[in-house]
Amino acid sequence: MMRRAVLIAVPYFWLMALFLVPFIIVFKVSLSDTALAIPPYVPTLEWRDFRTFLSQLDFENYIWLTQDDLYWKAYLSSLKIAFLSTLMTLAIGYPVAYAMACCPEKWRSTLMMLVILPFWTSFLIRVYAWMGILSNEGFLNQFLLWAGIISTPLTILNTNTAVYIGIVYTYLPFMILPIYATLDRMDASLLEAAEDLGCSRIGAFWLVTVPLSRNGIIAGCFLVFIPALGEFVIPSLLGGSRTLMIGKVLWEEFFNNRDWPVASAVAVVLLLILIIPIMLFQRNQQNQAEAGR
Amino acid sequence: MPEDVFAPWDDPEEKPLIRFQNVTKSFADSIVIDDVSLDIYEREFLALLGPSGCGKTTMMRMLAGFETPTSGRIELSGKNIVPLPANKRAVNMMFQSYALFPHLTVWDNIAFGLKRSKMPKDKIAARVEEMLKLTRLGKFAGRKPHQISGGQRQRVALARSLAKAPKLLLLDEPLGALDAKLRQETQFELVDIQETTGTTFVIVTHDQEEAMTVASRIAVMDEGKLIQVDTPDRIYESPNSVYVADFIGDVNIIEGRARKQGADLYGIDWADGQRLLAVTSERAFTEGQPCHLAIRPEKITISADKPVHADNAVQGKILDIAYLGNLSTYHVELPGGMIIKAQTANTRRMSPRSFTWEDAVWLSWTVTAGILLAE
Amino acid sequence: MMRLSWFNVISLTLGFAFLYLPILILVVFSFNESKLVTVWAGFSTRWYGELLQNQAFLNAAWVTLKVAVFSSTLATILGTMAAYVLVRAGRFPGRTLFSGMVYAPLVMPEVITGLSLLLFFIGIGLDRGILTIVLAHTTFSMCFVSVVVSSRLVTFDRSLEEAALDLGCSPFDAFRLVTLPNIAPAVFAGWLLAFTLSLDDLVIASFTTGPSSTTLPIKIFSAVRLGVSPEINALSTILIAIVTVGIITASLLTKRNALGRGYDKKTVRRGQ
């Protein structure tokens, strides 16, 4: 019994101290005064009693977020970019996952491996690889010019298009793997049964395969959408000065403007936006875990 | 009581090895074991028998130490073992899935428990060899569990749980994973090993034939309660309830009202305008008490003509015949619509079947063939 | 599962081409003689040589390696504990919060995690440096470890642990002698994942690092912002090679254990 308590307590308190408490601090800093918070000084918000604490509360940073249209435009643009790139990732990932599940048994573990491998290689390097491809004198333009499709180089790097490509590329394995996992578990005789009962192959796909892989699709979409929303590396390397994403705004607020309270307020709002998809994602994972048992 | 019959439960002087005293176990809001008291004696082979969910596995897991009773005591050799954790009990268990450690060889699996008890190395080796010999596994000592057959795995699991020479060995559906033929052979092997080692065995099973074959006593359970604890023959021939009669083997149950006719003799009023059915009963019934007459199909004789000296005889029509090879079971419909099963042994080859569908036949049995049950 | 149609073959080909071509181009051009990264001027290992002369990169690599080794080892211990608690400890007060804290970091944007940890370290007055990066990396990668390990624990026949207890093991011995050898491939995979996550991380490290402890991704990021360079191509190629070799070795090691695991799964299924 003693041992069990220790076993639970160690990871529990670690996560409390280094995951939960830091969020509370972010919240606290976001409510403190900007003027007092000249970096690298700690913004002061002292706990004496409840009333002084309340009087110190300062929603100025949140009001600032609503006044400067940079912020809400950045939130909206992040939501749009994350949403559209999730759809694109699904459109590319589903056929690949489906084709993998159709492959003979002996190839599947190798294909799995091939999907996982890029996921293990550095994210930064994979984003960087596209810089050389998408630039004006990059490989894509060289190829298109050589093939005679275009006559002047396209400007792709430092635009939103490059950001979409970057997100789809780096997050593709997150979409393929959960979908493949559900398709792989699916019983082939279900499709035969559907066809036996008069479905066409395409009908069987829409009526049997897609509903049965629903959990995988949902998991994949959340795994792409949630981190893409707060993405920083991709917009800052592939996007241009006009690419607005909230992760980049937060970073610049923190490192360039050195305005920690505003950066914290940006983080708190982003977290509030993310809470709903994160909770939906966890419920989906729990349902799946229970169904698997 | 003759000396050579093993029946410690009939001896009031005998101290039980295991004693359940008013044990109750509940999970959340459901009661799984309901105030059970049971004595298990040394060298006994006790079978806990019942449908799934009756609580038999919970009984076993409480003995092993994986579940704690909500109330009551469990004694081993007179000491309460409820507070003892599983690893401190002189009780070992053979798991339904065998639970062989996949990363260890057969030899290391068997030695696993011995190594925990700080036994000297040479003694461990000797004991493992002894176990390998007992279970005829010598050739497979160096193999991993996935490299041997299902029957061999079963024997490794048995050897491993016996290696520490426990006072009590628990077997959770030990033969459930084997096919029918291997199962039968293994049942006898299990009895042999139990007799050789002199260990007390408690087996959990839902297979009544298995329980009958291996056990010295059977405890029939239902919904967390012990219904009857008795030797296999008494469970079969003298069940104490309709539930036990119906659960073990095939039985005809005729409902009616008791009419006292003699010292131990009753007549059962079972249908209007029919003769009373005569039956003897040690259990007393009051005049007109509702009762059930349970008769095993093999105790009923089937004949074309009305038998002359039968205690009970009823006429009916053959509805169905099930030919089982060694036996044939006839389903006979009585005038009131009741169906009675009667069994005959097919003792001769090629004998023409004496009855066929729709034949009018007589069924007869003696006064001692059936047993009268209240519920 | 089903028949492999032309459509499937095309999606597989295009899908994998999309995944691998960018990396392939990068690797090929790391051996380019020319300073101009998009024009092929002949094979050369010149950039690898220059890379080895670059003391700043070597220092950063050393810092990164130290951080990765410590944080992944710590994360593996904590993550395995967390997985065991999630799968085996049953109910306890605050279980929902606990599982929430284990799963949330998996999808939490790194900018938020990084910022919150930095403010926390400043709040408790911890000097930023290697220690703070190790703590930060341990926290987010232990969650990945616990997901990997718990998925293996779920399929692991619980009666094996009970058998060990039944044969006289203490709960800790049962874990050490029976559970751990059987979940070892997952624990190792978890360690490897934590290691590469730490090796890759730019955002969290940027927030929690101090002036004296620049990690390799931070160094790469500041170089890359200025544009594509052959030196970075060479460095990327080395990192890709290390990870690829590591992963393939690991998967071969795991495969060797697959037979035993197959047996264990079969008995679980039959046991039900």
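As written, the chains take the letters A, B and C, and residue 1 is the first residue of each chain.
What we mean here is this: contacts are C-beta pairs under 8 Å (C-beta built on N, C-alpha and C of every residue); 3 or more make two chains touch, one makes a residue touch a chain.
Since the model is a prediction, treat every value here as computed from it, not as a measurement.
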Longest centre-to-centre distance from subunit C, chain (CA-based): B
Distance-to-centre winner among chains (Cα means, whole assembly as reference): C
Length of the line joining the C-alpha centres of subunit A and subunit C, rounded to whole Å: 17
Averaged-CA centre spacing for the pair subunit B and subunit A, given as whole angstrom: 60
CA centroid of subunit B to CA centroid of subunit C, Å: 55
Touching two or more other chains - residue numbers and ranges from subunit C: 171
Complex contacts: residues of subunit C adjacent to subunit B: 157, 159-160, 162-171, 173-174, 177-178, 181-182, 259-264, 267-268, 270-271
Touching residues (chain side subunit C, partner subunit A) in the complex: 1-5, 7-9, 11-12, 15-16, 18-20, 22-23, 25-26, 29, 37-38, 78-79, 81-82, 84-85, 89, 92, 94, 98-105, 107-112, 115-117, 119-120, 122-123, 135-136, 138-139, 142, 146, 154, 171-172, 193, 196, 199-200, 202-203, 206-207, 217, 220-221, 224-225, 227-228, 232-233, 236, 239-240, 243-244, 247-248, 251
For the subunit B and subunit C complex, residues of the former touching the latter: 64-66, 85-88, 91-93, 95-103, 112-113, 116-117, 144-146, 160-161, 164, 177
Subunit A residues within the subunit C interface of the complex: 3-4, 7-8, 10-12, 14-16, 18-23, 25-26, 29, 40, 42, 92-93, 95-96, 98-104, 111, 113-118, 120-126, 128-133, 135, 137-139, 142, 169, 172-173, 176, 183-184, 186, 188, 191, 222-223, 226-227, 229-233, 236-237, 247, 250-251, 254-255, 260, 263-264, 267, 270-271, 274, 278, 281-282, 285, 289, 292-293
